[in-house]
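Letters A, B and C name the chains as they come in the text, with residue numbers starting at 1 for each one.
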Amino acid sequence: MGEAQLEDMDEKDGVCRSLLRNIMLLTGDMEHLDSHLQDWPVALQLVVWGLRGVTRVILANNPLSGALILSALYWTSPWQCLLGTLGVLTSTLTAALIGLDSAEISGGLHGFNGMLVSLLMGVFSSAGDWYWWLLLPACLASATCVFVNSGLSTVLAQWNLPASVFPFNIVIILYLLCTGHQHPYFPHHYVPPAWMLELNATAVEGVQVMLGIPLGVGQIFACDALGPSLIILAAVLLYSPLLAAHALLGSAMGTLAGLSLAVRPHFLYSGLSGFNGSLGCMAVGGLFFTFSWRTHLLAVATAFLSAYMDIALSNLLGKVGLPACSWASTLTSTLMLLLGGSLSTYRIPTDEVRAPEVNLHCQAQWRGGKASRRGSSHV
Amino acid sequence: MGEAQLEDMDEKDGVCRSLLRNIMLLTGDMEHLDSHLQDWPVALQLVVWGLRGVTRVILANNPLSGALILSALYWTSPWQCLLGTLGVLTSTLTAALIGLDSAEISGGLHGFNGMLVSLLMGVFSSAGDWYWWLLLPACLASATCVFVNSGLSTVLAQWNLPASVFPFNIVIILYLLCTGHQHPYFPHHYVPPAWMLELNATAVEGVQVMLGIPLGVGQIFACDALGPSLIILAAVLLYSPLLAAHALLGSAMGTLAGLSLAVRPHFLYSGLSGFNGSLGCMAVGGLFFTFSWRTHLLAVATAFLSAYMDIALSNLLGKVGLPACSWASTLTSTLMLLLGGSLSTYRIPTDEVRAPEVNLHCQAQWRGGKASRRGSSHV
Amino acid sequence: MGEAQLEDMDEKDGVCRSLLRNIMLLTGDMEHLDSHLQDWPVALQLVVWGLRGVTRVILANNPLSGALILSALYWTSPWQCLLGTLGVLTSTLTAALIGLDSAEISGGLHGFNGMLVSLLMGVFSSAGDWYWWLLLPACLASATCVFVNSGLSTVLAQWNLPASVFPFNIVIILYLLCTGHQHPYFPHHYVPPAWMLELNATAVEGVQVMLGIPLGVGQIFACDALGPSLIILAAVLLYSPLLAAHALLGSAMGTLAGLSLAVRPHFLYSGLSGFNGSLGCMAVGGLFFTFSWRTHLLAVATAFLSAYMDIALSNLLGKVGLPACSWASTLTSTLMLLLGGSLSTYRIPTDEVRAPEVNLHCQAQWRGGKASRRGSSHV
């Protein structure tokens, strides 16, 4: 090869590398954004905080993923997307108003519960889209989430546990209990249990069950259409490929669990049987534990346990017409974070949790550091 | 003016002042009583401890208020008053018997849960007044409250939280579950949920709703007549005007919350929709937080949240025929005590809680002290 | 007496003594076994760990008692005995697999919850004996118990509380909720509440009620035949006579509580009304508290409270067709362990709990030590 060719390749290589570096900058936690953010106007900062909050629902933390998810929600239903946006903004502003920790607010930690509550209030409402009165309880419920989140965090900090989506689960159940199915102002749908004796049971169709697996990822945002679900999956992929793989894996395990207990076919087809498994699998596989073969197996176990617990809870709550939301995955992953024994050595302290790939890298560096220190102590 | 007149005025002023001082001695926590109390016979001491216990229900701590409240209860129903008195004495004696902290016993901290349980057992009983067999479970339940209170306090002490009326709420639910509506020995009334689809709904009457606001204060003692409710309000006023204002304010907020969700008219008229708001508002506004504009707004938010949560819980528990008691206000005010961020700086440690006015005074002194110390450090 | 006779007596005495010493070695915690155990093959070690696990259910810790209990269960139903054995082995192996503390594993602390879950799954199943598919969920549920136990222990360690049978109670309720009465794969019996309005109520028969008292001890292992129940009682007696006395006493108190609230006759006859009282009485009387008159009275109170709470919970859970299991006794004895005041000085730290007789001996020694030290300090 001549020198010109070599230079040309070097140049191409350089362009590729810088392109790759720029793409890399858009993935993961995008912490570099925070340093630029201080000079931006407050309204724009709030948008970034909100977008981070949107991704916190699927355990990610990346504004671009947040924008992708919002577009997926807009595709599903503009009205629900509006409610979700209102929720994330209301709860982030409430947190700022009552003087909570500003680092938590800018990380979107006070937004995601409010977003989920507002979104789900729209999904469960039987008053139809654009029923403007719903904005009032949506704002109130989102603000309530901030209080519940702060109080619960104080309690759980004793065991270094995150409050996670407990506030959402508590507030949405309280809202649904307040109103009831035939309420004159805020009526909502009746939610049947996961398992029901069907008189004319039909055979379960394989293809539809397979389609339920990606839908399980979408169901985390109560979205049951394939297109938006794939966009949401892409948003997770942008944040972390490892997390996206666990999301799909968990949803598949959840569907298997549903099949093994003969739940209603609609429960399988709509992804409802998969989304708790998906959330549980994501939390344990890579996010709160350093990725390894042992924690990978633990993630699979968490997915199964979440899915079975979800069936149990939706059978219980279905008796009073309530949904099980994501109680199962939240309880299960909290349980796994509490595990003692040798598995707890893989646990990453709640404050230091980053994207799975970064966690893995930090762990390797830290081990390397320990090893070199050991080496030097031998000398 | 002649000297005689001046002297006369001075004398009058002096009389007024000493009168005022004497009146002031009857308000607030009446801690000066404790020093005299040691020389009194034990039976009289027990009476004072019991009276303090009676007022702890409405977050006050004043023997005279306790006597006022007992007279109000006697006016409502002598039988229920007897049950309440028996309850407060039984639980105070049980606490002394199992060797709990004597300062807590003399402060009435072990009496109020037992009193509420006995009182409510009389209210819910459908066997009619003067059904003497009821004294047996009333004594047992009051004694149980002491155990639950002591155990729960150990758990909650981890976060510097009071056990509050959790023991009462737990024990009364267990008692009602034990017996059931058509029980041969201890039958009780069926409690309908807060919200019900009424076939021939009538318009809500404004005057009766307004009357429900003072009744909401009385409902803390399960009293739904106006006269006794006003006496109970006067008992709170005697202890602390700030607390009385918050009691009425909270009840009004609770009624508003009830109106906004179209609860049964009887729920509004009887004060049932107000009493949880009242309790929540009292706890946050002045008692556990130093009074200021920020905590005042927090108290209003607590009142709303308590009232909505009460509607939710009474809808849930109503499905199995159980009352929601004061679960909502107890949970909500516990949540507010756990809040992090800048609001937690207003929090008064549980041991140092006095009457709101004293709290305010202590806080001012303490700040003054800090300021002067700062000043001296500059010199 | 001649010298020959004296020598003969000495010899006889010696034989008696060594026999007694050998018998004594078979009672209590049998800690001397652990030193021999290290040289045994792993499979045999696992058997001992499993047998210890079997006895942990009735708060004992003795491999011989475990063998006795297993034989009693085999007498009742070989199929249920197989399920129980599978459960204790699965959960012990799971604990070893996920790397939990080996001292806890060899003490059987990870086996008893799994055993109870598997056993009860067989009892509640309405698919008949030798329904082999049941082994699958039984193994899964036993393994789940290990996770729940480890997580719960981390939380409860904050107050030096044992996880006790909470994991069993949680997992069995979740399993029963997952499947439901008419489930195509895993159907189970409908469990009626403790109290029901019976249309043609018959008088309660005294003899059958008396027989319910020893059956209450058997019901801890869901066994309602007299013969096996007596063997189980003998197993407790082998471990500790004091514990066996409290087991019978607690069961009697529970039966009394059931009579006082007019529960279904079958609830009394089958020992169901006694077993929670029995468990509560055993835990407090001698095991977690040093035996004395005060703690004995506390044990009686715990038995009553457990029994009443069991009636309440089985009325509540019976409304959705679920059993109350041993929630009542677990909650009540946990409450008693949390008690403050002078009773807490009798509390034995969870790690140092041995057989009641050993506890008593240690306490006496420790007091003696303290007294002699005091004496020496005087000199």
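By definition in this document, a residue touches a chain if its C-beta (ideal position, glycine included) is under 8 Å from a C-beta of that chain, and two chains touch if they have at least 3 such contacts.
Quantities reported herein were computed from a predicted structural model and do not represent experimental measurements.
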Touch-network distance, chain A to chain C, counted in steps: 1
Residue-number overlap at the chain A/chain B interface, same or different (half cut): different
Rotational angle, Cα trace of chain B fitted to chain C, multiple of 5°: 120
Centre-of-Cα separation between chain B and chain A, whole angstrom: 41
Multi-chain contact sites of chain C, meaning residues that touch two or more partners: 158
Partner chain C, residues of chain A touching it in the complex: 158-159, 195, 197, 260-262, 298, 301, 304-305, 308-309, 311-313, 315-316, 319, 334-343
Residues of chain A touching chain B in the complex: 98-101, 140, 144, 147-148, 150-155, 158, 173-175, 177-180, 182-186, 320
